[in-house]
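What follows is chain A paired twice: with chain B in the first complex and chain C in the second.
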Partner chain A sequence: MTAALRSMAPALALFGFAALVPLFVRDAFFLDGLILILLWGSVAAAWNVAAGYAGQVSLGHSVFFGLGAYSAALMGTKWNLSPWIAMVVGAALATVMGFVIGFLSNRLRGPYFVLATIAFSQVFLIVGSRWRGFTSGSEGIPVPFRPGFWTLGLVEKRVWVYLMLALAIGLYLIQLYLERSRRGYQLAAVREDEDAALSLGVPARRLKVAAIAVSAALTSVCGTLWAQYVGFVDPFYVFSVDLSVRFALAAVTGGLGTALGPFLGAALITVLETYLRARFGGIGAGLVGIYLIIYGVALILIMRFAPQGLVPWLASLSGRRRVSRATGAAGVAS
Partner chain B sequence: MSLLAVSGITKHFGGIIANRDISFEVAPGELVGIIGPNGSGKSTLFEVISGFYPPDAGEVRLDGQRLTGLSPDRVCRLGIARTFQKLRPFAGMSVVDNVMVGALTRTHDVRHARERALALLDRVGLGEKAHAHARTLSTGQRKRLELARALATEPRVLLLDEVTGGVDQRSIPGLVQLVRELHRDGLTLLVIEHNMRVITAVAQRIVALYLGEKIADGAPDAVTRDRRVVEAYLGQAYAG
Partner chain C sequence: MHAVPQLAVSTLLLGGIYALIAVGLTLIFGVMRVVNFAHGEFLMLAMYLAFWSFALLGLDPYVTLVLGLPVIFLGGWLSYRLVMGPVIQASHNVQIFTTVGLSIALQNLALVLWTADAQFIRTPYYSVVVRLGGAAFNLAQLVAFLVAVLATAALFAFLRWSYTGKVMRATAQDRHAASLMGIDTGRVYSLTWAVGVTCVGVAGVLLAPVYPVYPTAGLQFVLIAYVAVVLGGLGDMAGAVIASLIVATVEVVGSYVIGTAWKEVLYLLLFIAILLVRPAGLFGQRGAETIGV
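After this line comes the complex of A and B, so read on.
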């Protein structure tokens, strides 16, 4: 097995498992969980392109997600257009907005950039909730259900699993490209030290803007699919800072700047959240909201013991095992 | 014909004049040293030549082509590489990946860039450290890394800012030897150096700056004996 293949083995196992599940499982609750894990993992991966690979941490990515979601909802209800067309339009709009945010990233660095992205998403939240004539305001818009693949009106959850799986694999491969290509090396240099990168001939500004624009377009694609799957779009959800934080949380717990991290992070967070809510949440629960406290503590523990995220943590564990095995063998030999 | 021509460079920071009307030329294959006490404008001049600071007046030309006004990455692609006084390795990347970033400016092929990077690391004596993390290197090794990284961009002129600064005494001869070899192989170098013994030994010509102005330009022994240079370094009492 070559080194490249071995490094991809965990991803092959994860996506392979996801591909097998629909063959054996019919349970709607379980399939729904898997679909959402793949979707949130994909959005986190799209966010990772800007934040993890290019070092441009944004907490305004819900803007792009919302643009994709609203494109599906509005173009479906107003003009009866296919969500596939909405996907392209949403991605194009998100790319334009990505250029705007990318332009900001060349003016503002670090925390100032993060604050600007939050402000940016707040603008969209206000427009989305106040422009009632076009967006139906805070009531939100139901996405019309039109049966068929071209209109993405799919009752069968198993089909959704494969759709989201294709999305996830696509995003995984894009991240892999960013790890191994010329542009990937250059982006890593920009992330580490922009001035040093410039001095070595790396067109840092252009690359940063391009990475943010690509990240924005990919996030929008996820937004369109999400809207079609869930069937309802409202501004206080899709343009919220909470949602942006959710993307970031999955990528950071999984491992910032790693290709598999966003998916592992999304799996962990989604499972944790769903399980805790089912176990401790709901009306019958003795302490309302205790599940959120447990959830928070769990996240703190993850960051305490795996501060770089799950992927580097697991890699270091397996590395340590390999080392101890090697020294063990040496001990026997001597 | 000069390879690098600096003419009339002036740079202010508010009321402070860091460079005032500085002009000099560097011929192909020449090794020119820049000396001057702290605050005399050496580093500012480097920032201007490499495109990081736009000058208030004057221009820099490489082989006749105007560089002034271009971004640092363009300046590098046109053939000027530099190192930083305060070292800036890509700390989270491996040593070979650091150098590959430079090599990828000249080639689009990642595998080719890796080969070139490894060859350059051997050249600067860091071959064994190729797969270590850059943050684990000592200061002397980091200087070599910066050299390899800059060389990977295949510069026509290499600007070195303080090769021996902050390095322990034992590492200095090796670094000086390396700079000598690069020069012998035909590279054109412009070198800022605090250590007088080092610079007079390697440079063919020295440009001396003081309070932002050029006060001397010539052969090393002439410049180090120059009355104004001695004054600038030691004060008037010593100038005889």
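After this line comes the complex of A and C, so read on.
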């Protein structure tokens, strides 16, 4: 139990810190940053369920995010329904779409799977931007602001922090389950060698589809919350390949298939983005792309020097230190 | 029915350009087993090369095509040395994200340097229309098609008959056996990457007089190339050419029948249908998609 607790210590510290911040900080800018870190970390964690744990690396996850976001926007504007209902509906739609995509691309591996998921997200982008009668097309939809918790019209940034924190902790625990449970080990087996897993009686095909569907539903929940927080949904953003890459980027930077990685990656990327935007945003609008250049270069460098991501890299550093300190002692902690 | 000759000509002209883009992509995949997600960015960079040569030096895009060829090839070679080479032995995921990173970096480099505004090259022959047997088309489009066909043919001849081409094909067939035969596979990879980039670069310069240039200009073309390359069977050169014509047919006939707004949906649905029915492509080896090669 203590070992399990110790391995969770960094996460406890991180989420505990996030919980304390709103008590002492009132500055809207910092709280906004924290909310975005928790939100992007949660989406990256949802992506990680399919990509990191089941090995189904998708660059089309914006489909599910967009479904959640559009559910909130459309159900709010057209039928005046609560975003909480939209969240359930969006998650249900995303689950169905996850099953469809997972089933259709079940046989595909590696680059083939990536290409298929990109194609699906492009279909959604085109439908979202051209089906004017229903989605308002490329103009996008403003999400109505209706004050109150039931309608998620929250002025207090602090409430948003705790809402996103609950989401983040939920996703962290789901990932932890995938790390420690029988189901999780089966998924790891499928990820590492699908044929070997099949030969051992692991229902690989079914598990892959299930992982994508669960990941889809979780991504959609994040999409609904994002739409409510930001207040505007536009097809070229929510269904773009760039957005899918963004989810992947945070998880890959932090550590693919680690529970804390997506949050660490999101924190790093959001801080970098905010800093560079503040630094170069004023000089000229043309320079805002600089942080994306740094993104790209950072991704290349991480893939080259620490392809496992930050979490395993940090763990190996601290593990080595602990071993050297504990030489001679009976139980070597690592 | 009077539209048939026009549709046929449009399809052919479009298909020729698509083929050149797709051939570069499929060559890189066939030899290196890497899907280049930065392929569209190389197209965009070549379009900018043509634009700036025209705007600053007054060079006609077709002059740029000849003079710029070594520049594009060198750029491709450099990008391999700096970016792809170090991860060539790594896993699929690492390679996918490396090319994605390259794509993000190049796209936004263009955005920072040259802004998001669409740029046009106004050549003297910009609006020259050629009429031929009931079909009308832009002169630059015709030239682009002819050069693209020539370049594709030259690549096929190079791979078929030259010693280096044979070495590349040997590496594509079995990289370990090739390496045991004394082939320096590292050099083959860098050459393949550079040749693939040159193909898409030539296509970019050819497209510059016809289409506007902006940082994400590559995306629309490269999406089509992905469809064509999978349809033809990843790594299959002849398949990619035939598939490009099929995709162009779907696009041209589709936009004639149901309108240009929805034409993209058609080839994406075609793409999904292929992945569903025959993921290895029309001519690819059955089962290739399940071993991830």
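By definition in this document, the second predicted complex is superposed on the first by the 300 of 334 C-alpha atoms of A that agree within 3 Å, B and C clash if a C-alpha of one lies under 4 Å from a C-alpha of the other, contacts with A are read in each partner's own complex, and residues count from 1 in each chain.
Note that contacts are C-beta pairs under 8 Å (C-beta built on N, C-alpha and C of every residue); 3 or more make two chains touch, one makes a residue touch a chain.
Just so it is clear, the model here is predicted, and its values are computed rather than measured.
Contacts of A:S105 after superposition on the shared chain: chain C is touched, whereas chain B is not.
Residue contacts after overlaying the shared chain place A:R130 against chain C, while chain B stays out of touching range.
More chain A residues lie in contact with C than with the other chain of the pair chain B and chain C. By the touch criterion defined above, A:I169 lies against neither chain B nor chain C after alignment on the C-alpha atoms of chain A. By the document's definition of touching, of the two partners only chain B reaches A:S199; chain C does not.
Contacts of A:M8 after superposition: neither chain B nor chain C is touched.
Looking at the shared chain after the overlay, A:R180 reaches chain B, while chain C stays out of its contact range. In the superposed model, A:L299 makes contact with chain C only, not with chain B. Shared-chain residue A:A189: touches chain B; no touch with chain C. Partner chain C is touched in their complex by these residues of chain A: 57, 59, 104-105, 107-112, 114-116, 118-120, 122-123, 126-127, 130, 241, 245, 248, 252, 256, 286-287, 289-290, 292-293, 295-300, 303-304, 307.
Within the complex formed with chain B, the chain A residues making contact are 180-182, 185-186, 188-189, 192-193, 195-205.
Interface residues of chain B, counted against chain A in their complex, comprise 50, 52, 71-73, 76-77, 81-82, 84, 88-93, 97, 100-102, 104-105, 108-110, 113, 149-150, 152-153. Across the complex, chain A is touched by residues 29, 34-35, 83, 86-87, 90-94, 96-98, 100-109, 111-112, 115, 219, 223, 226-227, 230, 234, 261-262, 264-265, 268-269, 271-272, 275-276, 279, 289-292 of chain C.
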